[in-house]
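In what follows, structures are represented as structure tokens.
Each of the next two complexes has chain A plus one more chain, namely chain B in the first and chain C in the second.
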Partner chain A sequence: MNSRREIIPITYRLAPALLLAGALLLASAYLASAGPLAQTADEGRAIFEQKCQACHTIGGGRLVGPDLQSVTTRRERAWLLSFIGTPDRMLAQGDPIATQLLAENNNVPMPNLGLTQSEVESLLAYLENPAGAGQATTQPQAPTQVLPPGNYARGWKLFTGEVALVGGGPPCMGCHNVGGIGRYGGGSLGPDLTQVYSRLGEPGLTSALANFPFPTMAAVFTGKALDPQEQADLLVFFAQVDAQGQAMPPAVFDRYFWFWGLTGMALLFAGMVIFWPRQRLSISEALRRKR
Partner chain B sequence: MNWNTLLFVIFPYLAILLALVVTVYRSLTRPFTISSLSSQLLERRKLYWGSISFHYGIVIILSMHLLALLFPRGLLWWNSVPIRLYLLEFSGLALGFWSLAGLAVLVWRRLSEARVRVVTTPMDGVVLALLLVSVITGLWMALAYRFGSTWFTAVFTPYLVSIFTLQPRAELLAPLPWVIRLHVFNFFLLLVAFPFSRLVHIITLPLGYLLRPWQIVIWARRRDDRRAYS
Partner chain C sequence: MNVRAHMSMLFHLDKCIGCHTCSVACKNLWTDRKGAEYMWWNNVETRPGAGYPTQWEDQAHYQGGWELRGDKLRLRLHSRAGGILKLFFNPSLPDLEDYYEPFTFRYQDLFTAPQGDDQPTAPPVSLITGQPIEIKSGPNWDDDLGGSGVYARNDPALEGLAEETRAQLQELERLVFNYLPRICNHCLNPACVAACPSGAIYKRAEDGVVLVNENKCRAWRMCVAACPYKKVYYNWSTGKSEKCILCFPRLETGQAPACAHSCVGRIRYMGVLLYDADCIPEAAMVPDEQLVEAQRQVILDPFDPQVIAAAQANGIDAGWIEAAQKSPAYRFVKEWQLALPLHPEFRTMVMMYYIPPLSPVVSVLEESLFRLDLSEGASDFELFDRLDAARLPVQYLANLFSAGQEEVIRQVLRKLLGVRVYMRRKTVDNQVDEATLQGLAEAGLTPEQAEDIYRLTTQPSLEERFVLPPYHREMAVEAWKDPLAHKGEAGLGYIQAPRRGE
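What follows is the complex of A and B.
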């Protein structure tokens, strides 16, 4: 066909441009990855305050995770480097210390924070000597904050989205399930939160609601933090849902989604049958049959 | 610089640039190649079951993506009552399955019909493969990572806005499961393929048909014949 002939030469003619684009892409990738960052305890402190503080203190007791005071003497440096860098992989490989830590911390796994090797080194430099790195704020922020009294009903509405979050964040139900939330459950992108209150403990959950120390949520809620009243309402909501204990993993609801998806498709195809007879024959077929 | 930046910042900009520049270039220099390269005259029956279901399914789903990008708050308002959220998710799934079934018919048609096979270019294979990846990963997400209709507004609306405002925030995508990132990356691959393939026919969006006056078609044949030809 004519049109086929027309198109192929364009593709060929643009091949040099495409190759050039690819070369530029690789070059820029190489240049950008070339310069390593300085490994300093100050950088480590900044990382700690930004990414670790929601779950850990240094000498302030345990929150969601253990107190990190003198952690650099408790554990091997090589182990710390790989665990802080890729805790998910260490757990998957069945590392004995990682497995033990998971059990000790209510089965809340440490998330992969996406730190580079040099960032982990800086963090370790800070953890070795927290007092030496400028003004170290070793006290956790969240538990010291006093929340107003919470309201269960309002917590429910915040969870489903019936009451929108003040900061503009998405409602919890978009990604999370809790027992008894709706006929077909809540979301399944994030973990089930039915038992989150007992899993994280009240201080841990309070801190989590204030800081979102989980990589997905941290990015989504940047600049959209929950206000203290919302945190309090959700805390009460989670406490009560936990007490009711109607755990229903989102996987239970999977079959409903398969069922309605496939049924809907069948209905759409059924609708197409109505229009089918008019499409039956091609012109040449009609001519052939007429003979 | 890491893989995430490469795949979701640099590559998207190259893809968008390529799609825009080559489409404009192609429509200026070879306007008559802007075509869907229809093979309806060669085979009609499988095309009916494949093309109608694929196109209606994918066009409605793409429009919903666009609405979620333009009116995130409206979508969150709709989803704030669980039954409405479920209704939207079920409809999306039904359209997704419909679209996938249609795509499967189109692949089968291209392989099984000798006359269609003759006019098939390698690029047609690329387009079909990319579309399959797109629809399958989309369905996978809708089934395994619910509820996309809500979290799209929290992840992809800000991500796409950040791309358009030249302040890319690829960190939004970094922690997501690989299926979701593949769905996004595959979209940019489709953008790259767009100007070099039959996908370019999308720009001919036939909205004119909605507004133009009726056309009366008069058959200069006997009444009995008319049915056989239609």
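What follows is the complex of A and C.
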């Protein structure tokens, strides 16, 4: 009796809370579904200019990656959504289109740009109708025309770090190697750049030097962009290295490295053999032995 | 004048019988612990001998003590910058082999050995590893001529002795040895304190005892290397340095240190010395030949009214001044000038003093027999004018006690001989002849002084040997603890609250 009287007021008291919770659920569902709709093509354009433009154009021809004009009609929307969001995973899963694209684009894979689902949605909204979003950006790249004539020798020095980069960025050699440079070659953190010219093509490499569309490099070179002269010099340098290609002598330091390393170690041990036994001889032990 | 008080111990080497009771008393009381097995805060060495640790006096090897360079006193061990370089590897540090690997015997084997034709034995095992070892040395391995061919021959204090004198010390018929008990010297200018990078060692203000603060010690072991007497030891188990504490808990309760208290030959005396702390830098920097005299100058006359006034101004208790006046250390060191510091050339200004031993004359070969080289006639004075005929070479004693100054040793030995001859005349012949009185005067003593020396040497009471000042710990403790703070509280409480994990 007592308990029953108590239950009823509790349900009464709970009712407004339940109503409120339901309303919130509905509202959030609406907001969630309305999210993509709320994105504008303007945001998509901003993302494109920030993250895609280094490798892609819309109607401007191919750079590192293909021209994206009318890509939304060429590919299915679902495929685009997942590929732009996680290209690395698509490739790893062996998606046939992704594999084919990789082969078509000199085996330069598209990096994962870390875009959220809604960002990809707005990007697609922009790609569907590029002209509708503010001013046209069909010709973002004309850097080849702007670049001054490059100098191979200076490009070499910039690569090795003999001449510092104006923007303050680290020299290429810290992370990259090209065939036959330096006694011990370049770094191995980044890919070997011997064939980078033919792999990316001149427009692609030009764009890459200007924008560094790779997550690691973008982070390293934030606020330390190459100036046009440096870009031109490096472009010429890469072109020539690529042309010489295998003709450049391979690094031959290995033999000497091992030889001197082992010889030095042998000398050190030989010295220790002489001094080590005497080193720990106590004064009393020395007395006893002297006798 | 900056008068301070110091507890000082005095060793009358003529009376030492080399029984090691002092060492055992000390060991049982303080170093019968893990990590301290090899330590002998008190040890007795047979000299000539290499000592413990082996050849500790060889500062070319151990780099202990101070060095007078130009007009500056420098640690021989290292400069400040050099100390940082050697912080993690100090080649001057003695290692366990230089002391000895402590051992015991597996006594159970005597009971558990299977029946056989031979008596079971207790094999020696290392106290550190527990593994069977071959014993190579001990804290006094060269005791009583054992292994003297190795150890006595290589005594660093034999330096500068003529080749024939050294050879004579190895001849069976002319062999000689005496004992040298050693504890921490509680120096006025301690090298261990100067070398400690952590500032963990300090000299107590009230009685000059040099102590290691185990809470501050960081095991750099610079003190071990810097002490020229090798009297700071490193405990490998606790990772802290340890040293003789002059049994200060005993001193504070009116008892003599355990080594002195247990001494069978009653060779040890304890007493207060008043010294002038302002004179220490000067006294530590005089040339070698003035070191002993400079050190005597630092010690002050406790009867001088000026000294008493300065002592009182420095807060020295009247009981301490009275103890200083009765101090046997003061009488032997300053008044009679019989006691000498051990190795004053290390310039640490030691505060433990030694009365050097007399020894018989050497033997001469006569018709293929050895006989003592005594002069005809007055055989009492056999050594008085011929100290060079003593078996223990004066140069050797000088190397030990007076930085090589033979004249200092000769003066002391003459006084000791003078007292001996005077008392023999008096008690055996019942009359003192003119020659004896003259000899005594030449040695620089009056008959009264000779009687005093004789009495304090041969028949001192316990109270005369150990004149311990009142420490008044019950009053001293009030300086930092309020005795009424816990009045009326129940329970026992904690001096230091226990903490988890300790």
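The rule is short, and it goes like this: the second predicted complex is superposed on the first by the 204 of 291 C-alpha atoms of A that agree within 3 Å, B and C clash if a C-alpha of one lies under 4 Å from a C-alpha of the other, contacts with A are read in each partner's own complex, and residues count from 1 in each chain.
Here, a residue touches a chain if its C-beta (ideal position, glycine included) is under 8 Å from a C-beta of that chain, and two chains touch if they have at least 3 such contacts.
What you see is a predicted model, and the numbers here were worked out from it, not measured in a lab.
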Partner chain(s) touched by A:Gly161 [first = chain B, second = chain C, both, neither]: first
Which of chain B and chain C A:Leu262 touches, first, second, both or neither: first
Partner chain in contact with A:Ile97 - chain B first, chain C second, else both or neither: neither
Chain B versus chain C as contact partner of A:Ala153, first or second or both or neither: neither
Chain C versus chain B, contacts on chain A by residue: B
Partner chain in contact with A:Arg288 - chain B first, chain C second, else both or neither: second
Partner chain(s) touched by A:Ala131 [first = chain B, second = chain C, both, neither]: neither
Chain B versus chain C as contact partner of A:Met173, first or second or both or neither: first
Interface residues of chain A shared between complexes with chain B and chain C: 280, 282-285, 290
Chain B contact footprint on chain A (complex, rising order): 1, 3-4, 6-8, 10-11, 14, 18, 21, 25, 28-29, 32-33, 111-112, 114, 116, 160-162, 164, 169-171, 173-175, 181-184, 186-189, 214-216, 219-220, 250, 254, 257-258, 260-265, 267-269, 272, 276, 278-286, 289-290
Chain A to chain C touching residues, read off their complex: 280, 282-285, 287-288, 290-291
Contact footprint of chain A on chain C as seen in their complex: 50, 53-55, 58, 61, 94-95, 97-98, 100, 136-137, 149-151, 154
Chain A partner contacts - residues on chain B that touch it in the complex: 1-2, 5-6, 10-11, 14, 18, 22, 26, 30, 32-33, 35, 37, 41, 43-45, 48-49, 52-53, 57, 76-77, 79-83, 85-86, 89-91, 93-98, 101, 119, 121, 123, 139, 142-147, 149-151, 153-155, 169, 171-172, 174-177, 196, 225, 228-230
